[in-house]
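What follows is a group of structures, each given as structure tokens.
Consider the two complexes below, in which chain A is the common component and chain B and chain C are the respective partners.
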Partner chain A sequence: MIRIKDFCYWYPGQDQPALDGIDLEIPEGQFCGVVGPNGAGKSTLCYALSGFAPHFFHGTWEGELQVGKRDVPRSTLGELAGEIGLVFQNSFNQISGARFTVREEIAFGLENLGLKRKEIERRVEETLALIDLEALAERSPFALSGGQQQRVAIASILAMQPKLLVLDEPTSQLDPRGTQEVFKILDKLAGRGGTTVVLVEHKLEWLAAFADRVITFSQGRIVLDGSAKKILADEKLLKLGVGQTQFTQAAAAVQKKKFIPRSRPLPVTLKQAQKFFE
Partner chain B sequence: MHGTLFVSGNSGLHRLHPLTKLALTFLFLVFAATLPNLLWLLAAFVILLVPMSAWGGLLRPFLRSCLVVITPFVISLSIIQGFFTPGETPLFHLAGFVLTGEGLLAGLTVASRILMALGGALLLMLSTRPDMLMLALTRSGLPGSLAYVVLTSIQIFPRFQERAQVILEAQQARGLEIKVNIFKRLRLLVPLMGPLVLSSIVDVEERAMALEARAFSRPGRKTSLLALADSPGQHLARWGLLLLMLALIGWSIWRAISS
Partner chain C sequence: MKLSFEGVFFTYSTGVRALDGIDLSIGSGEFVAIVGENGAGKTTLVKLLNGLLRPDGGKVVVGNWDTAEYSTAQLAGRVGFLFQNPDEQLFERAVQREVAFGPRNLGFSERKIASKSMSALKTVGLADHAEDNPYDLAPFERKLLALAATLAMDTPVLVLDEPSIGQDAAGRRRIGRILRELHTMGSTILLISHDLDFCAEYAERAVVMANGHILADGLVEKIFAQNDLLQRAAVFPPQLVRLAQALKMPTAPLKVDQFVNAYSQWHRRKKRA
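Right after this comes the complex of A and B.
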């Protein structure tokens, strides 16, 4: 699905590349988490996948970046919109502001794609049901909680039926309830097999529970890559400034006091933690 | 609809094509500018606008908004014109000034012109969704980006006020005094503008990208979830209204020249 080969990207006027020799392949339907300290290049990866780097930010690039059959840096934003969906951190900023109800907000992107009204109606109803927004369909998108608004933002992108869904810290401004709402949707999407998901996320417990795979960024490079459970239990995450799940921290603290043999692998999910402490 | 005057309904007025209603609004504007005197203006208001608002099931909100909008004009224009227009029929003396009948009439005439013009605009806004109006205008050539700016302004300005209120409250909580006179109040806006503008500028980039992600500037024809119903009759009516407007303007020019 995603094939990135030796991809580098420089923001305009920067000597240091924000992405520095990225090699990455993500198969269709995979739910891939991205972690890393601030300034590591996670957002830039999202922009590169969706074409905003270079088409929105300009700057220079080299290497190959393909999503499906699409050569992303050689396509226009107009061609990419709808094929690759990008969801941002701030839910308020993603509300178009030009539509008055949630239903019309979700239709906005489809109208811009020039779809027929029948098709727009069909997709909007389908998406409302999928994201569990039917009860809010006639509300103003501005009169929603952060979590609900972020679900509308995701729905608005999903209605365009992208092959790839990229989300840049979509839950960082949400409370636990909003975070849960978002993860439940992503799980549903990736679970159905259709949508490939790339999610930048600081809440490691949630990644551990839902993601198939986690890649770790540092200074524009991928430094760790593997299954979510393996990478999130890796002690190198601490040195990289990514942190650890609360389960891992608790287990490591107890293990240090030698109550538990060092050979036992550290947990990253609640289930694993329960087993660890038994 | 938040931030708009629109009152939902399914009346004939509601169902008219937005451009037809816009043409009527312009016609009333032309009436306001060209009808010769107070009697004509009031008659047009009572015979045309009031029944139209009733047709739309909007009589109460229409008359209420008219009253709210026109009262300050009636008062200020009556006073200004009334006291400062010389005339033969003194009605009222106050501290050496005289309110004349001619002046009062002149003031009320100007106020009724304003009533006519604003009444037409109110009728449009009460019965037409702004997004429908913008859709109709873009279909006839208005740039989509302009329609977007209008629609977002309607919705985002109230949010802007809310955000200003939040920042204001935060600053009050930190001890910036706020219950002071108007000049000090204006000075207090300065620390308010900083965070407000800054947070808005940072948001602009993300907003622009979010719009791109929704294919906003994709070239090619756009469609709409909203259905705009038009009819050959209305199409014809709009041309008729345009001709009527031109005729009225011509008539008033001719009157001005010949008198």
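Right after this comes the complex of A and C.
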């Protein structure tokens, strides 16, 4: 689905590349988490995958970046819009400002794709129900709380049914139950629907429970890449400033006190932790 | 400085009743976490403290001031705010000016403005960016800048709305350490957060809100151990509490070292039995 070869990207006027020689392949339907310290290049990866870098941010690039059959940096944003969806880190920036209600806001992207009226209505109703926004459908997107706006931003991208879904901390303002709901929806889309999901997320406990794979960025490069279980248990994450779940930290601390043999692999989820300590 | 809400109601012009009879008092120097689902009324509640919103009924008191009798500008000298979205509070063209804005409005002397703003920038780790434009900073740095602007005002009460959002582990620890330091110096701190692991690590008391009401109020270790209560407010207990519950340990540890101690004792006792 995604093939990136030796890709570099520089923001305008910067000498240091924000992405520095990225090699990455992600198969269709994979749920891939992206972690890394602040400023490591995670958001830039999201922009590159969706074509916003370079088409919106300008700057320069080299290397290859393909999504499906599409050569992303050589395609226009219009060509990419129906295939790749990006949920921005700050949902406020994503709201079009061109529509008066949440329902119209979700329809906005679909209208731009040129879908038929009936199909637009069907998808809007479906998405409102899926993201639990029915009660807010007639409210102005600007009169909502941060968490509610974030759900609208997610909904307006999901409604477009992109084959690749790129999300930059989409749950940062959601309460834990809302976060869990979003992860369950992404899991369903990736598992059954065959949607490829690339998700930047600081909430490691949720990545551990749902992601197939975790990629770690540092200074514009990929420094760790593997199964969620393997990467999130790697103690290098502590040095990188990514941190670890408290399950992992508690297990490592107890292992140091020799209550539990070193050979037992460190847990990253509650279930694994329960087994580890029993 | 102590705070109190006495029989407070608030309804937005859209007809949404955000606060439905709140009684809450907070002692001077307390560190209180306010948790609960999106739309529970947490942000509305704290906005009453500096007059950004005024209650429809009831009384909000900051120190010995009834907020009804004071302007937002006056209250800003007592209650410092870190908003959820830093872009709502940043508007100057240079980082240094952004941080100096609050203290200048409070009428501090130029010397005090310079020293307060520089030390606030140092505290959050942005001293090297003093001349930069706030909009050239990364989102996580803008959050730290907004925190610096709040700290520079040197208020006895601090309200932080989701300070750990968008921060990596190192950033969370930095913010946590700053809050702990302020708490030691006697500041009264209100922390709104969905990040219960963060609250468990730093706060002493927890207030749980749902639908404009207070569901529960008490010591963090007591409140965060109550699964059913927290689920009613759309939040889950901290990771270590859930782990201890899954293992049927008798305690609800909030920090890694507490868990390790509790586990060691429990492990020994189980071995003997």
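By definition in this document, the second predicted complex is superposed on the first by the 248 of 278 C-alpha atoms of A that agree within 3 Å, B and C clash if a C-alpha of one lies under 4 Å from a C-alpha of the other, contacts with A are read in each partner's own complex, and residues count from 1 in each chain.
Everything that follows uses one rule, which is that a residue touches a chain if its C-beta (ideal position, glycine included) is under 8 Å from a C-beta of that chain, and two chains touch if they have at least 3 such contacts.
For clarity, every value in this text was computed on a predicted model and none was experimentally measured.
Engineer: What is the contact status of A:Phe52 with respect to chain B (first) and chain C (second): first, second, both, or neither?
Structural biologist: first
Engineer: Contact-wise, after the overlay, does A:Val124 reach chain B, chain C, both or neither (first, second, both, neither)?
Structural biologist: first
Engineer: Now for A:Ala143: first (chain B), second (chain C), both, or neither, which partner does it touch?
Structural biologist: It touches chain B and chain C both.
Engineer: Which partner chains sit in contact with A:Val254 here, chain B, chain C, both or neither? Use first/second/both/neither.
Structural biologist: A:Val254 sits against chain C, while chain B stays out of touch.
Engineer: Who does A:Asn90 touch here: chain B (first), chain C (second), both, or neither?
Structural biologist: Both partners, chain B and chain C.
Engineer: I'd like to know which partner A:Lys230 touches here: chain B for first, chain C for second, both or neither.
Structural biologist: Neither: A:Lys230 stays clear of chain B and chain C.
Engineer: Please report the chain A residues shared by its interface with chain B and its interface with chain C.
Structural biologist: In chain A, residues 89-90, 92, 143 are touched by chain B and also by chain C.
Engineer: Of all residues in chain A, which touch chain B in the complex?
Structural biologist: Of all residues in chain A, those touching chain B are 50, 52, 56, 77-78, 81-82, 85-86, 88-90, 92-94, 96-100, 103-104, 107-117, 120-121, 124, 140, 142-143, 153, 156-157, 160.
Engineer: With touch defined as at the start, can you tell me which chain B residues reach chain A in the complex?
Structural biologist: Where chain B meets chain A, its residues are 1-2, 129, 131, 147-148, 151-152, 155-156, 159, 203, 206-227.
Engineer: For a test of understanding, state which residues of chain C touch chain A in their complex under the given definition.
Structural biologist: My answer: residues 14, 36-39, 43, 84-85, 87, 138-141, 162, 165-172, 194, 196-197, 231, 234-236, 238-240, 242-243, 246-247, 256-257, 259-260, 263-264, 267.
Engineer: For the complex, which residues does chain A have touching chain C?
Structural biologist: Listed in rising order, the residues of chain A that touch chain C are 36-39, 89-90, 92, 139, 143, 145-148, 169, 172-179, 202, 205, 238, 241-247, 249-250, 253-254, 257, 259, 270, 273-274, 277-278.
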